[in-house]
Amino acid sequence: MPPDFSTIAVRLAEIGRRFDARGWVLGTSGNFSVVVNREPLRLAITSSGISKGELTADGIVEIDRAAQVTFPGTGQPSAEARLHVEIVQARGAGAVLHTHSMWSTLLSDRHIAGRGLAVEGYEMLKGLQGVATHEHREWIPILENDQDMERLAGQVHAALIECRGAHAFLLRRHGMYTWGETLSQAVRHVEIVEFLLEAVARSERGGTTWP
Amino acid sequence: MPPDFSTIAVRLAEIGRRFDARGWVLGTSGNFSVVVNREPLRLAITSSGISKGELTADGIVEIDRAAQVTFPGTGQPSAEARLHVEIVQARGAGAVLHTHSMWSTLLSDRHIAGRGLAVEGYEMLKGLQGVATHEHREWIPILENDQDMERLAGQVHAALIECRGAHAFLLRRHGMYTWGETLSQAVRHVEIVEFLLEAVARSERGGTTWP
Amino acid sequence: MPPDFSTIAVRLAEIGRRFDARGWVLGTSGNFSVVVNREPLRLAITSSGISKGELTADGIVEIDRAAQVTFPGTGQPSAEARLHVEIVQARGAGAVLHTHSMWSTLLSDRHIAGRGLAVEGYEMLKGLQGVATHEHREWIPILENDQDMERLAGQVHAALIECRGAHAFLLRRHGMYTWGETLSQAVRHVEIVEFLLEAVARSERGGTTWP
Amino acid sequence: MPPDFSTIAVRLAEIGRRFDARGWVLGTSGNFSVVVNREPLRLAITSSGISKGELTADGIVEIDRAAQVTFPGTGQPSAEARLHVEIVQARGAGAVLHTHSMWSTLLSDRHIAGRGLAVEGYEMLKGLQGVATHEHREWIPILENDQDMERLAGQVHAALIECRGAHAFLLRRHGMYTWGETLSQAVRHVEIVEFLLEAVARSERGGTTWP
């Protein structure tokens, strides 16, 4: 039985409008997915080229472990569908959200040499699942952007294994990925990480300058 | 008789949506309280882990002087409930609001060495209760963040006694607390202080850089 | 016959919500007035301490040339009512709008030594009444802030006479005043001037730093 | 037969409200057009001096290849109507959108000496029609602003011929022009280009400072 896209679409559309208002999914950037079945794996994911502020059930397709569309027969999943599958499998996530904000774009470029950035000392870190103190040190991996999705999925897989504690990662000049056991938790992680990235960017170098 | 949470929730929800739109309560950050009884002290306070942009009566609990829930039997008050109680007792406030904005987070870190920052010469200062001229000098204390709420409450108590004139204080990398005789006054104080913090941050060091 | 405050309030409330959304009238800052009669002069002006995002007819009073309330018998006009009268008389304006934005606050402080700032070369200047080319040079006077309204009104009067071409002026760390033949024109001037101030602030010194 | 302005107005009004919320069409800046007939050429274009956040069918006129109003008999097209015609003819566009944002205004001034700026390495570039990889190098020409529309139209024509691959251009201190085969594509291009300009501005020089 196909998932109830209309119900999922209502929630994703709400999230899309919210993120759109903050400028995190301009153009047709960003993509969202929700696990609708574990075995066999089925994800409801936003279609390619859809404005996230205007999502409808027609803008969502179901894909399998290979990121192939299983429902409806037609439709094109987001180009990054493979990455969503990797995250779901490596983290057992129930939802994956990709935003394309200004600060994640800038920091992913600024810190590429270090292959990531550390965020430490902020109370907001407690908004990340399992973090109980602002003294937590969160490492956010940064991967080189790549149009070869198979290769990039491999890089994402490796990063998720290497950085077991990470709640999010960045793609260079391509924005941020985070996830959650539930869609609500994933939304919270987006807001927490976006806040932290802006705070780091504005503090370490003024958020506007670097060498 | 339990307080009319539905009425309080309607007002707090309105405030929550407003602050959320400005990015002052991202994730599930921020917490709000209103005094519903003085003797014995009873506060209606937002529950822990609630998105402030989507408050309902279910997201509010009543606590006593010890920050213990008195109504309903279940529910978890904000982790910082103790701080709200301290503020209400030290200032005789009728409402306490905690926001977690970008500028308060950045300034609380930048000025920690001085244990606070002075704001002077801004007309907006007149929006603070009892301030009649822009020539007023407002001292905003900054406290180290701490996960031990008893210890932190003690620090807050001491700061409120030491800085009798203060209308707000910051917790390092944890945002801002302000209050008012009424909820409306507390909302006004939030907007005034947030404006002043951004003005100070953008002027003294460009709001983006420091040593 | 008293002016139709309900009609005026509807328009001012719309403007208030719009400016509030942009962060130009935080707290209870900012004030708006509309000429309802020329001879004798009568202005409908926002009351003191009103949140501009929630204006109603009750938040408006009618004043005369001396800034005394003529209708209703009760009510307190904005503390800066005298300035509105000066502007209306010196410019024959039909509406006066005062915003209290971040950029006008910062620039009014940065350029106080020069007693104003010049804006030149921006296409947006053409939005100012009577300006036909981006090559126009607009001088925006800046006055020291003052709690003595009689004295400040005198300064405003002198500045409006001295700078005959000015479409707006700033009060140090107190925001911006502009006006128009009609309320619509005054609204347009607010948006034009606020845009120009941000552009100047961000360009000349990065909008964030100065000596 | 005249075009159905009411239908076009509904879509342009939606776009106007969206751009207005982002601060891209403050005052009465910005202008939008849609091709309603190819041979002979007819464009539906926003009238001069209209607030883009409050568009109605009355705020739109039809013009011909010479930018003369063909319907209704009265009404004044945007002063930049000639530029829209040039773009439609040089690119075969179905819609042209001009925004007047902060970042396009600042960058158009900063890079005038180079007569344009290059944007490269951003995933967001893929939102531009025909671009398949972030490794694409987009050149955005910048033209001196000019009140002589015939002369400026000639400059635009020359730039569009010279820079065949360009998806947008800037007018110095006057904002950005982009277009699309459809109105939806043009809207996407606005959001993509505005994002890229902010990213470039904030990265290359901190987005706030230059020599």
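As written, the chain order gives the labels A, B, C and D, with residue 1 at the start of each chain.
Methods note: a residue touches a chain if its C-beta (ideal position, glycine included) is under 8 Å from a C-beta of that chain, and two chains touch if they have at least 3 such contacts.
Since we're looking at a predicted model, the values are computed, not measured.
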Distance-maximising chain from subunit A - centres being C-alpha averages: C
Chain copies touching (subunit A, subunit B) - same or different residues, decided at half shared: different
Centre-to-centre distance between subunit D and subunit B (centres being mean Cα positions), rounded to whole Å: 44
For subunit C paired with subunit D, centre-to-centre distance based on mean C-alpha positions, whole Å: 31
Contacts with 2+ other chains: residues of subunit C: 21, 206-209
Subunit C contact footprint on subunit D (complex, rising order): 21, 23, 26-29, 51, 100, 102, 105-106, 109-110, 145, 147, 171, 173-175, 206-210
Contacting residues of subunit A [partner subunit B, same complex]: 21-22, 121-124, 127, 132-135, 188, 191-192, 194-195, 198-199, 202-203, 205-209
